[in-house]
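What follows is chain A paired twice: with chain B in the first complex and chain C in the second.
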Partner chain A sequence: MISVSLATPPKEEKIKEHYDVAIIGGGPAGCSAAIYARRFMLDVVIISKHLGGLITDAEMVDNYPGLPEISGKELGERFVNHAKKYKADFVEKFVTGIKKVSDEFEIKLEDGRTIKASTVIFATGETHNKLGVPGEEELTGKGVSYCAMCDAPLFKDKIVAVVGGGNTAFTDAQLLAKHAKKVYLIHRRATFRADPIEVERVKATENIEFVIPYVVKRIIGENKVERLLLRKTEIKDGKIMETDETMELEVDGVFIDIGLRPNSLLAQDLGVNVNERGYIIVDEDMQTNIQGVYAAGDATDKASKFRQVVLAAAQGAIAAFSAYKYLKAKKTKK
Partner chain B sequence: MISVSLATPPKEEKIKEHYDVAIIGGGPAGCSAAIYARRFMLDVVIISKHLGGLITDAEMVDNYPGLPEISGKELGERFVNHAKKYKADFVEKFVTGIKKVSDEFEIKLEDGRTIKASTVIFATGETHNKLGVPGEEELTGKGVSYCAMCDAPLFKDKIVAVVGGGNTAFTDAQLLAKHAKKVYLIHRRATFRADPIEVERVKATENIEFVIPYVVKRIIGENKVERLLLRKTEIKDGKIMETDETMELEVDGVFIDIGLRPNSLLAQDLGVNVNERGYIIVDEDMQTNIQGVYAAGDATDKASKFRQVVLAAAQGAIAAFSAYKYLKAKKTKK
Partner chain C sequence: MGILSKNDIEYLKKEFGKSLKNSVEIYVVFSDNCQYCNESKELIQEVASTSNKIKYKILDMNKDKDFLRKIKLPEGVDHGPLLLFKGQHGKINFGFIGIPAGHEFSAFIRDIISVSANHLHISKETINKLSKIKKPVDIKVFVTPTCPYCPSAVYLVHQFAMVNENINAFMIEALEFPKLADKYKVMAVPKNVINDKVEFEGAVPEQYFLEQLMLAVGL
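So, the complex of A and B:
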């Protein structure tokens, strides 16, 4: 979650009038694209309101080869600093619009300024899904959280629940178990998408208890989370159906880890094709359907099956290489 | 180059009778595959005579995101150690043969032992190309080298030549310029495949001189390299043609950086399809044409256009994921 403090107004970064490559998004894919584009001696700007990307929320990353057991925060910083070393420009602003004007792209920033670029790389990543149940919005920040990494220490010796069945839910549960007295892992199925090693680790953790198969129907509390209303599920004809059986669970907090959705609306506004789940469609060269427009990382259909930092970084490199080849060919033609 | 010392006979590593995944090759692709396969709780062996892979020859790597300005040796070690942390078994032996026997693969080692595995990942990388001119073989190790990283310090205040026009030739020339008095960069064209930033860097280095467009016809010397016989080239109908103009260049050493070829003979023996240049053909999931057989890294057709450590690592991760899904599906069927 991004908090903007009014006490420290965002500074006006110096930007050039025109860039060879504008990268939207400052996570592993965006930073890797910047590193490579700079190596190709292109003028590069990274526009990102969340430097380092979602990985910075991860308590511990142990699968980026060469950097074992690193905090997500440090890994994100390492990517950003690597790109800064290569003198990519950074602009910490939201993008409010993008359009193609003749041969280049005009990117509108929240402060009204416009950046022009010959090519664009969307490295916009994903956003957390919400449960969409009563109490969720009202109690966000009052016990409802989407970031265990950020908020786990607030629940020392308390009782918390994690909702979800993937790797994030399972690693978050382990992290929370170090702080909280008790962790419930609530999932709507009795099977899990999480890697077997993570499932084993959770099973071996004494203060984590599975609450399966249940769905959360309501988050209840005055001013802070007090309890959850759950409903048991069953599988009928391969589908998850809710039963009549309900229960309440007393908790001080609930962490919602039920997946993510791609940040691709901006790309769609520009006319970039996405798949049925909203992920940006790219070919092997990370090229979208629009000439000069590339995408890399978790917002792409290539990453959605296997979201890994090392893949995002590789895709960023490929996208930069494609942009370089495109610009070189264009220059030769002139 | 691999040197085997008779004084220290290779130790007999303990191996299991059967593995879920046998990875052939211990560079970034192989180690990344091992890390991921172990995260999926599979039994993994890496068979490699050259732990860390060819990247360990690089003086300095500055494009593996998150680890700027790291020596190739350290980067290779970091990959190996990451895989060791995950308790992959390592066997430092050559593979002399591989065959499919009913539902599994039998991998024959140089010491006569056999490793059985349910799946195989070829992460065999590439080998340096040779010029194929008189004197090259005779004077290898006597001034002819394929590894500037290994041998640059031997040429302190001497005169050396680098042959090639790609990134390796250009980064090697820069490295050699730090040691040698004078570096000639010989290339058969007047244009270069190397990244523009590397070309700029070489141009900015005072003691590097371009010798273009020339080809090396002969390496001359008694017991050690003394001079090179070069022949000027010209482009005719888009083809490189040799002219009548020759020259001799006095040098103490010559570094040959004219590309690499894939180590794919073992895979071909098993029936794996390769492209016209010998690179292993894989799909998006790093699957070859044989069920249960995957490939990753520089030996694959996917890497041959853009050989980068971060790509090899990403492909290793994908190959491991594919092997895991294949084994899981097989288990479910039984």
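So, the complex of A and C:
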């Protein structure tokens, strides 16, 4: 079946010199912030290299209220189109730097242009974690993958492994099971963080086999992934300990779903405070430690414990409202 | 039933009405053993119906061999569909090998707008450097239709090709061209291959791609 996607606005990027609100990131948090900020009649730009955000990697989203069983791609498109309807400007470029100049912010783009803004909302989301084992770096793109949605069809009738115990690992395993001959699900515990319904679905899929509790110690292969070296774990005093028992698993590919880390380096460059895991610290108004700078979505310490589209969208709305209040107060002072 | 929804068509009509300036010529090449030739035909007909500035010509890979020989297609492309663009410089040097469906459709629409409005989305510095290349460059970007990162990689190299007719840049849909995907060991997309010498995965920043390109051509 052929379908087409018009997620990205194929527009000329006519950007203004100055915006009331610059939103960095075009996922649910960023788009929601843009919608609300436009309703407050603020000038808004979304700067994002990946419109729709990480949710577009999800084959199916079944927990966004009111939109059951929607594909991640379509949900992302709907967010983007909604922000477009409110005439937020979009710039699809990487941001290479940001600095504060008096009480304004200057955002530098990869093409050398600069955007000035009175307020900034970081809706920068997260990036996939790496296993940090030998072979991973060298074999990335040669069987090691972080995007099942992108690469699953390339493993038709092959044997693959998914590493992780959360929802992403479990939904990826189900997607891969449609293409691959065999899918191993490797997790370091015998229990899972994934929602029970996803665990049931995986258990009911014939060509998925659990390999638990094991950790991946090494990814082995000449020019492409050939096998994994695993080590069995056990729980001792509530901690996961590695045992002496090892085994090798022959696979053609390995998909790494062991959680995410925040994209907060840009915010940190600006002097925004982050917690010990790198998540941007915000208060209940999504305000950071710097005046005029807000954050929303998965990059914040508030969302990191329960990463959900519905929460990101809500935080985006709050951040926009806070930016609006700040700008209004500033105007009255003048 | 068409491939584009009513909303898509309305959207394109509006967008094209605003952004298109000059005519755009697209060459659509069909062949035997072609998985998505019928769908590509439908797709181009529907897209072209939204603006009279979009012109397309249907070619046959076998019958129009002589014409196609002048285009520097990647080796091993033995079936359709191909959707090839004539750039602002008048040469056919970039396009899609395989149907531009799924996420890739947005790159296809952007190409149309870029060529027609003669508008590039890359920096002046990059344009300067690219303009100076005299040697032939061959860029392949392997994609799958479900890859959300791929269109931006494809659009970037198509922009490069619009700048300089010596740069040939083609998207290759890995699932429709498994032999090519195997040859280049595509196990993750987007996979970029320049002059069969330099290869890397990912939708990378403009500057990084440019550096790799310069490396591949030895500049």
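Worth a mention:
Assume the second predicted complex is superposed on the first by the 322 of 334 C-alpha atoms of A that agree within 3 Å, B and C clash if a C-alpha of one lies under 4 Å from a C-alpha of the other, contacts with A are read in each partner's own complex, and residues count from 1 in each chain.
Just so we're on the same page, contacts are C-beta pairs under 8 Å (C-beta built on N, C-alpha and C of every residue); 3 or more make two chains touch, one makes a residue touch a chain.
It should be emphasised that the depicted structure is a prediction, and the values quoted were computed from it without experimental measurement.
Of the two partner chains placed by the overlay, neither chain B nor chain C lies in contact with A:102. By the document's definition of touching, of the two partners only chain C reaches A:73; chain B does not. Within the superposed three-chain model, A:306 lies in touch with chain B and out of touch with chain C [touch as defined at top].
Contacts of A:147 after superposition: chain C is touched, whereas chain B is not reached. Those residues of chain B that touch chain A in the shared complex are 28, 31-32, 35-36, 38-41, 62-68, 75, 78-79, 81-82, 85, 195-197, 200, 284, 302, 306, 308, 310-311, 313-318, 321. Within the complex formed with chain A, the residues of chain C that make contact are 3-4, 8, 11, 15, 19, 36, 39, 43, 99, 101-103, 105-106, 109-110, 113, 117, 119, 121-126, 144, 146-152, 174-175, 181, 185-189, 191, 200-203, 205-207.
Remark: chain A residues 2-8, 10-13, 49-50, 52, 56-57, 73, 76, 92, 94, 110-112, 140-145, 147, 149-155, 223-225, 253 touch chain C in the complex.
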